[in-house]
Amino acid sequence: MSATLCATPEEAVAGIEDGSTVLIGGFGMAGMPVELIGALIDQGAADLTVVSNNAGNGDTGLAALLARGRVRKVICSFPRQHDSWVFDGLYRDGKIELELVPQGNLAERMRAAGAGIGAFFSPTGFGTPLAEGKETREIDGRTYVLEHPIKGDVALIGAHRADRMGNLVYRKTARNFGPVMATAATTVVAQVAEIVEVGDLDPETVVTPSIYVDRVVAV
Amino acid sequence: MSATLCATPEEAVAGIEDGSTVLIGGFGMAGMPVELIGALIDQGAADLTVVSNNAGNGDTGLAALLARGRVRKVICSFPRQHDSWVFDGLYRDGKIELELVPQGNLAERMRAAGAGIGAFFSPTGFGTPLAEGKETREIDGRTYVLEHPIKGDVALIGAHRADRMGNLVYRKTARNFGPVMATAATTVVAQVAEIVEVGDLDPETVVTPSIYVDRVVAV
Amino acid sequence: MSLSKQEMAAVVARDIPPGAFVNLGIGQPVLVADHLPEGSGVVLHTENGMLNMGPAAGDQVDPDLTNAGKQPVTELPGSSYFDSAASFAMMRGGHLDVCVLGAFQVSARGDLANWHTGEPDAIPAVGGAMDLAIGAKSVFVMMTLFARDGSAKLVPACTYPLTGVGCVDRVYTDLATFDLSPGGVVVRETFGISIDELAGRLDVPLEPPAK
Amino acid sequence: MSLSKQEMAAVVARDIPPGAFVNLGIGQPVLVADHLPEGSGVVLHTENGMLNMGPAAGDQVDPDLTNAGKQPVTELPGSSYFDSAASFAMMRGGHLDVCVLGAFQVSARGDLANWHTGEPDAIPAVGGAMDLAIGAKSVFVMMTLFARDGSAKLVPACTYPLTGVGCVDRVYTDLATFDLSPGGVVVRETFGISIDELAGRLDVPLEPPAK
């Protein structure tokens, strides 16, 4: 169904349930859906599993969500940053679970969820602690680890522009995890800088087709 | 290395060896690199395995390559068309080998080759004759077939525009197999309608980045 | 009266929700597009890499813009183009709401046979049929209920090579529409034939329409 | 004289072929960019989704344009943007010619340890290190040969948790450059130290430079 245009971030995140798996776009702050995360904090869903490349910066955005104790588990590639003190503290205190995933496997596992792939053999991580306990296989002389899809109940992503159907374009390296997360969640919510009329986006340049987008809000 | 700009299709297909696996873009005629196929016919490589969605139309292009007896095996999803008499005749006479692959598995197997995935579990084809002899697995209550990459020695594709570095954009549904084939072959040759200066393509709209393209020729 | 092809297409079109993302298979299913109501907001997908495909092209043919049957088509405002790997990821990943396919046979438990008659000298061709069969949220089949030789096409088990296993949700035919539910084959609607007569001509147990 | 960081970066830069597609890891490897000759045509990849990345941004910072270290950068003519799945497909698929990585340890057979010291209270973080380690056609490591405590970082077997197995092709250090070949560790070049002295301080057998 065509995307719903929401008037506010609050409306855009309505109905997210306790225990949900939430995919959150962004690489550092680029592409981070800051207003949607703020609305999720106000909305109150708890016991969340958050899938995101990083685990929050400073005291705002994802870090603020973690600080409220709303997140049970983080699945990410790079939690440790110079300003990741909120995550660091929770992790050291044993108050948050971490599944550390190499960045490419993180992206590809979400792609698999979106593309209907049941599992795939990745060369990344073979022979390292991050592949411990996973099935391995040698194929054509190379060694691989079997990786499974990561599917979200909700994805919160940041894009540059949407048309009123929900087609999305991104801007520079803020694109990062947005397109793949948009394919991998049951409900996909995009915040954008601008919503334009249908027909105003060149069909050759659409990065996320409207089929993947459920709710759009301009911030 | 940056793409080589070739003066002629002949130059663009130089060096293709007997016994090569050649990925050929196009869905029917849309995106079909007709001039490159013509040059390949003149170039003379034989005993080829051709991977393409269809198996040739009429008496030109891929059909002409087949008619010359240069192709040992075709890997495709849809050989039978109203004008596929060349393939039909060779197949009925036992003069060409056919590996029939569902179209989505064909695309995904080339994507796997390009993306360094060793193998993947696809739901497509499970329980059908096209999955016979293949490994299967139930994952999360759904049944899958293990599919392996298809890698080309050469890809011949048609695109709309290239810049002088080899970045490519396509046009409408002529895009089809071009982008995925460009990732899946050792040597990628693109014919385009126009070569523009570096900087003339909007970096947000590049579909095939220059890293994937080895030779470009304007036709 | 049994339904004509156009009438069958109209029955299918009526059941497609407004705003749905839909793939119409090659052949008869394409007719469904003509019966979608104005302003339905239904978005058509074509496997060769496009969403929001428009009607067949008239005099202005663009060779770079075709449907899955390689016929020239048009684009509507809000369309998008993507490559074949992305297009089939969309199909396989369960993002299409409905696909409508033709069939040689459908079994009572939803197995589909629509790509190969099994004749030894036939040139096999599968295209995107197997991906569509297992990919869409709802898989509709549209076919005559009986073949030219009088044999039923809704069968206890397919004798033709399968396209997909247990994948068909609903079967639209010229004589009746059926839901293939876990509880059995439910007749939704009949056209010029009684359920008893239908039951007599088919080899699968039929459930009456839900009240 | 042993090499400074900038001198090491210059040695690495000298060995990068003109026109190569290259990923420079976070930290010291980033310095290599400053030593690529004008007109080298080297195209830099950043894992967060860009080819032909330009130098660090000056006063004109665009928050939507960063490198893998989240620092503001610029774009060069002929650049392209793509999403993370596409970016890592490019890395994993072997399309990059060279990547240059920092390391805690490298083993004689090319195992790499660069993501985790193994200390129990360290917050683990891997990012794209494991994908880079196994993906590029040539994997170069750039590091000091000895840690601050004097222990060698080119070792018979890594004691830190691994990033990748048998993946390193060449090691650039402040004291020497090594090729990790199937035949053993070959010294390519030394800087202010003799091969004998080097051999005395390392626990791995060294082969002399090829003539």
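First chain written, first letter: the chains are A, B, C and D, and each begins at residue 1.
Here is the rule we go by: contacts are C-beta pairs under 8 Å (C-beta built on N, C-alpha and C of every residue); 3 or more make two chains touch, one makes a residue touch a chain.
In this text the structure is predicted, and so the values were computed from the model without any measurement.
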Third chains touching both subunit D and subunit C: A, B
Winner on C-beta contact pairs when B-C is weighed against A-C: B-C
Chain at maximum distance from subunit D, centres defined as averaged CA atoms: C
Whole-Å separation of chain centres (CA-atom averages), subunit B against subunit C: 29
Subunit B and subunit D: spacing of chain centres that average the CA atoms, whole Å: 34
Mean-CA-position distance for subunit B and subunit A (Å): 33
Multi-partner residues of subunit C (each touching 2 or more other chains): 50, 75, 81-82, 88-89, 91-92, 134-135
Multi-partner residues of subunit A (each touching 2 or more other chains): 108, 111, 115-117, 122-123, 170-172, 203-204
Every chain pair meeting the contact rule: A-B, A-C, A-D, B-C, B-D
Complex contacts: residues of subunit A adjacent to subunit D: 27-31, 53, 77-81, 84, 87-88, 91-92, 98, 100-108, 110-111, 122-130, 143, 160, 170-180, 207
Complex contact set, residues of subunit D against subunit B: 17-21, 41, 43, 45, 50-52, 75, 77-82, 88-97, 134-135
Touching residues on subunit A, where the partner in the complex is subunit C: 1-2, 111, 113-117, 163-165, 167, 183, 198-199, 201, 203-204, 206, 209-212
Subunit C to subunit B touching residues, read off their complex: 46-50, 62-66, 70, 75, 81-85, 87-89, 91-92, 111, 116, 121-131, 134-135, 161-165
Subunit B residues touching subunit A - in the complex, by the definition given at the top: 108, 112, 115-123, 137, 139-140, 142, 144, 148, 169-172, 202-205
